[in-house]
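Have a look at this one.
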Amino acid sequence: MPRVVVDVMLKPEILDPQGQAVANALPRLGVTDVSSVRIGRRIEIEFTGQPDLDRAREIADKLLANPVIEDFSIRVTEAGDAEESHP
Amino acid sequence: MIERSEVMGQPEPALADHPSASDPTTAPGPTVDPVGQPAPAESPVPGQAVPVGVADELPVNGYPGGVDTVSNAGATPGDLQPYAELGLRDDEYDRIRQILGRRPTQSELAMYSIMWSEHCSYKSSKVHLRQFSEKAPPSDRMLAGIGENAGVIQISEQLAVTFKVESHNHPSFVEPHQGAATGVGGIVRDILAMGARPVAVMDPLRFGAADHPDTARVLPGVVAGIGTYGNSLGLPNIGGEVVFDSCYQGNPLVNALCLGVLPVQRLQNKAAAGAGNVVVLLGAKTGRDGIGGVSVLASATFDDGSEQRRPSVQVGDPFMEKLLIEACLELYDAGLVVGIQDLGGAGLTCALTETAAAAGTGMRVWLERVPLREASMQPHEILASESQERMLLIVSPEKLDAVLRIAEKWGVPASAIGEVTPATPAADGTTAEPGRLLVTWQGHTVVDVPPGSLVDDGPVYARPMREPADLILLQADRAETLPRPATAEALRETLLRMIASPNLCDKTWVTEQYDRYVLGNTVLAQPEDAGIIRIDEQSGLGVAISVDGNGRYTRLDPYNGAKLALAEAYRNVAVTGAKPVAVTDCLNFGSPEDPGVMWQFAEAVRGLADGCAELGIPVTGGNVSFYNQTGAAAIHPTPVVGVLGVLDDVAQRVPMGFARTTGNDHDLIFLLGE
Amino acid sequence: MTARIGVVTFPGSLDDRDAARAARIAGAEVVPLWHDDPDLHGVDGVVLPGGFSYGDYLRCGAIARFAPVMETIAAGARDGLPVLGICNGFQILCEAHLLPGALTRNQHLHFRNRDQVLRIESAGTAWTNAFQPGQEILIPVKNGEGCYVADGRTLDELEATGRVVARYLGGNPNGSLRDIAGISNEAGNVVGLMPHPEHAVEALTGPSLDGLGFFTSILKHLAGAPA
Amino acid sequence: MPRVVVDVMLKPEILDPQGQAVANALPRLGVTDVSSVRIGRRIEIEFTGQPDLDRAREIADKLLANPVIEDFSIRVTEAGDAEESHP
């Protein structure tokens, strides 16, 4: 079933301690070629009827993202879309 | 079992005269099974995927209507059942068939395997735990004791407290954060079920070596899990333990204690009394949490069959639990609850059978009325689910609306899923037999059992015991033979090494992740040896609690090790100025099938019971956790003992450490004891 | 006339009884307010207490902002109603845009509970007038998402207009920018504070009695305010 | 610059209290046609050189996702790719 995905990320100028903690842990895994890690939220919304982008944008704007610190982007996906899935 | 006959002494004679339509003896459920439908030609081989489309219409697992029904079980006595995979022994399975007079249905098999597990039935520990009651000094403070969800101790004319410690060891190793979090959630519901408002938690913990890589995974997760759950519930954490020892490497111990307070007259019980009363499920929706154990029964409920994961992990929702607490307390205060039981490890199975068995009544349950998180769940999965944040209520029909209204006020889902049915009149019409638990699923009878057979008639074992062969050697290796620091320099180095050892160094890293202030009644907390909670703001009445255990010592001498844990907790409480009045304990041991472990267990229980008798305070409840081992290596036997004491005025408490004196008088220091 | 202080209970509020106790000890009459009831029952001031409103899932305070009671409180606050948001209450005030900035995950990523020294930077608000400017006080701090952030211009403006109400001293417990522990709106009637004054009002249960000052301040403020 | 995006979501059968809380709040905003909300994490990894999918998969597996309760999927994106962005 199609659903709306809202990605919410901290604005670039806002410090992301969680992403930093992951970035700092990488060398211990032998990973040295990562320059930055940022962690945000991915929100999947299923509608009872047709996925409603405008409605979703309104929800994102009012509730899902805090404009003081976050940006969001929004799109419709099919379950099993082009994203490469983990086996 | 002794308890059984006591419970059955109280049938509901008045109501037994009016068997309702749903009384299983008069009307074995509506429409029952699709009679005449031939039994599947081939008996289902559980564990083997059967590709299937729509669960409710087509035969799933080869059963007509999708489920294994009572009549189907009667018609197919020869079906092979995976009882061994479910942890039941041959003789235990035979007992079940004998009790039912047929093979159990899938759902029944799931229920017996859960209720007769070590975890629920205490089959290996029962014969030893009796000593707690037998040797207990008489106490007129104890309003509820062993056998209830938690012991209740009266502390003033109006007020009582309840406390209990429980383990969540294995889940916390698999998923430290959620395992520990749901451990807190579980013990809090035990306390809530007694009619109490939970007011504090404590957390005795054991981890592997501090510098082992896996400790870096387990410890932060456990601490964050306990913190998140307890903090979100608004329960101050007032103490606990953090101990490192490599014996816990593959098997950390996560024990959680909760303290609650109730007005004496608000004491609740779990008996499903009163035929015609409604059975209400309150709280979170039921999902496939923690059904790993019974997954062997369901191979075809997922479309693509076999490889679907069955999470044995339960995820907690402390917010829902907080709402559940507030809703239950409001229900109690409004006098709307006849009986109540929390849903813990054994889910609905345990709650339905225990509440019915406690009253000697029967119960009629429509399983499709249980709100589900996943529509495709099968009856045995619903019965076995360990979904968190749920309580089972027994309410009288005319109060149902009021109950649902309060649930709605707090935003907690509530559904009437069944009703209490009368005890069964005996053939001669005089005495009554306990009622039966009858569960249907979309018109099919999937369970028809005597509830007591799951709760009280489980197997009881006097397992073989043998002193571990290495004990003599361990005991011979005495501390006196160790070299002692002879020079100032050596002494200094010893001291520094001790201070730096993980077991002695500061635990602030852990304890500052816990809220100690919430509720505003925390008089003492970490790093004090005992926590103190003010119970009555007017009079200053309060309680002190300490939890202690010493696995190394208990390994060397289980009898005295248990006594030592008790004595330590007792002292810790006494030195605050409180009078110790009650004990709870969590007995963490290896496999009971190992005679050496069983011996340790028996000795520890004997020691604790003797110690309690000598000190004159009763064990009011607790928990046994067996199978704490990695391969053949058991953890150190680790009885963790909690002692609760009462202070008439918490303002008089004596904190740890030297008080700063304002005058010019100097304090004198005394050493008491030998 | 005794001042009537409303304490809001959202589902998931935890320190509501503590806030009520503190207000009572200071001499106020406490009026419980319920998230779902827009009626403020004629209170003279409101405390939004600590806790995890609606579980604080998504972002702390994000859902509470839409509670019916918040609409009335927001309208009142714009008209001068004194509002103190403690911890979760501070988060709610930011989410509701009654205060600028936001509270984010502690930089060390842990929940942290400790006794914290603060310096009162502004004694000009409805909730801090009983303190001396520059006074150092000790009250508990406990949060997982207490790191105050705002853009540089907002921070400069807060400082320039005396709206930084309190700062952390002797170690910043969560990484807040410029060590900010509390701020106010322009009029000084709305204050958000991350640490917990309501846990420092009794010698027996708190590290000091310093928290009481916030509650005596509001009484003083109301006594002086024209009826 | 291209980067790797890792989406981590709770397995479908695992309780998602966060998503549930948001779903329950929506009627307050006047939204009644949403049937389900699930909330996970979106992690953006930037490499010093070419984005390395295998490397990212390893990081996700070891560090970003908890395989006991979560699934992840992984893909390379351009900044400003097909996703509709918020202005």
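To keep things simple, chains are lettered A, B, C and D as they appear, and every chain counts its residues starting from 1.
What we mean here is this: a residue touches a chain if its C-beta (ideal position, glycine included) is under 8 Å from a C-beta of that chain, and two chains touch if they have at least 3 such contacts.
What you see is a predicted model, and the numbers here were worked out from it, not measured in a lab.
If you tally the C-beta contacts, which comes out ahead, B-D or B-C?
Per the contact counts, B-C leads.
Just curious, how far off is subunit D from subunit B if you go by their C-alpha centres, in Å?
That gives a centre separation of 35 Å.
Please report how many Å separate the Cα centroid of subunit B from that of subunit C, as a whole number.
Here subunit B and subunit C have centroids separated by 39 Å.
Hey, how far is the Cα centre of subunit A from the one of subunit C, in Å?
31
Express in whole angstrom the distance between the two chain centres, defined as the mean CA positions of subunit A and subunit D.
Computed value for the inter-centroid distance: 5 Å.
Of all residues in subunit A, which are in touch with two or more distinct other chains?
41, 63-64
Which residues of subunit C are in contact with two or more other chains?
In subunit C, 54-55, 57-58, 63, 66 touch at least two other chains.
Do you know which subunit B residues sit against two or more other chains?
317, 319-320, 411 - these are the residues of subunit B that touch more than one other chain.
Which pairs of chains touch each other?
Per the contact definition above, the touching pairs are A-C, A-D, B-C, B-D, C-D.
Over in the complex, which subunit C residues touch subunit D? Could you list them?
54-55, 57-58, 63, 66-67
For the complex, which residues does subunit D have touching subunit A?
Checking each residue of subunit D against subunit A gives 7-9, 19, 22, 25-26, 29, 31, 33-49, 52-53, 55, 57-60, 62-64, 71-75, 82-86.
Which of the residues in subunit D come into contact with subunit B in the complex?
Residues in contact with subunit B: 10-11, 13-17, 20-21, 24, 66, 68-69.
Inside the complex, what are the residues of subunit B that reach subunit C?
Within the complex, subunit B contacts subunit C at residues 224, 227-228, 231-234, 317-320, 322-323, 326, 410-411, 512-523, 534, 537, 650-651.
Going by the contact rule set out above, which residues of subunit C touch subunit B in the complex?
For this pair, the touching residues of subunit C are 11-12, 14-15, 17-18, 21, 50-52, 54-57, 110-114, 140, 142, 144, 196, 198-199, 202, 204-206.
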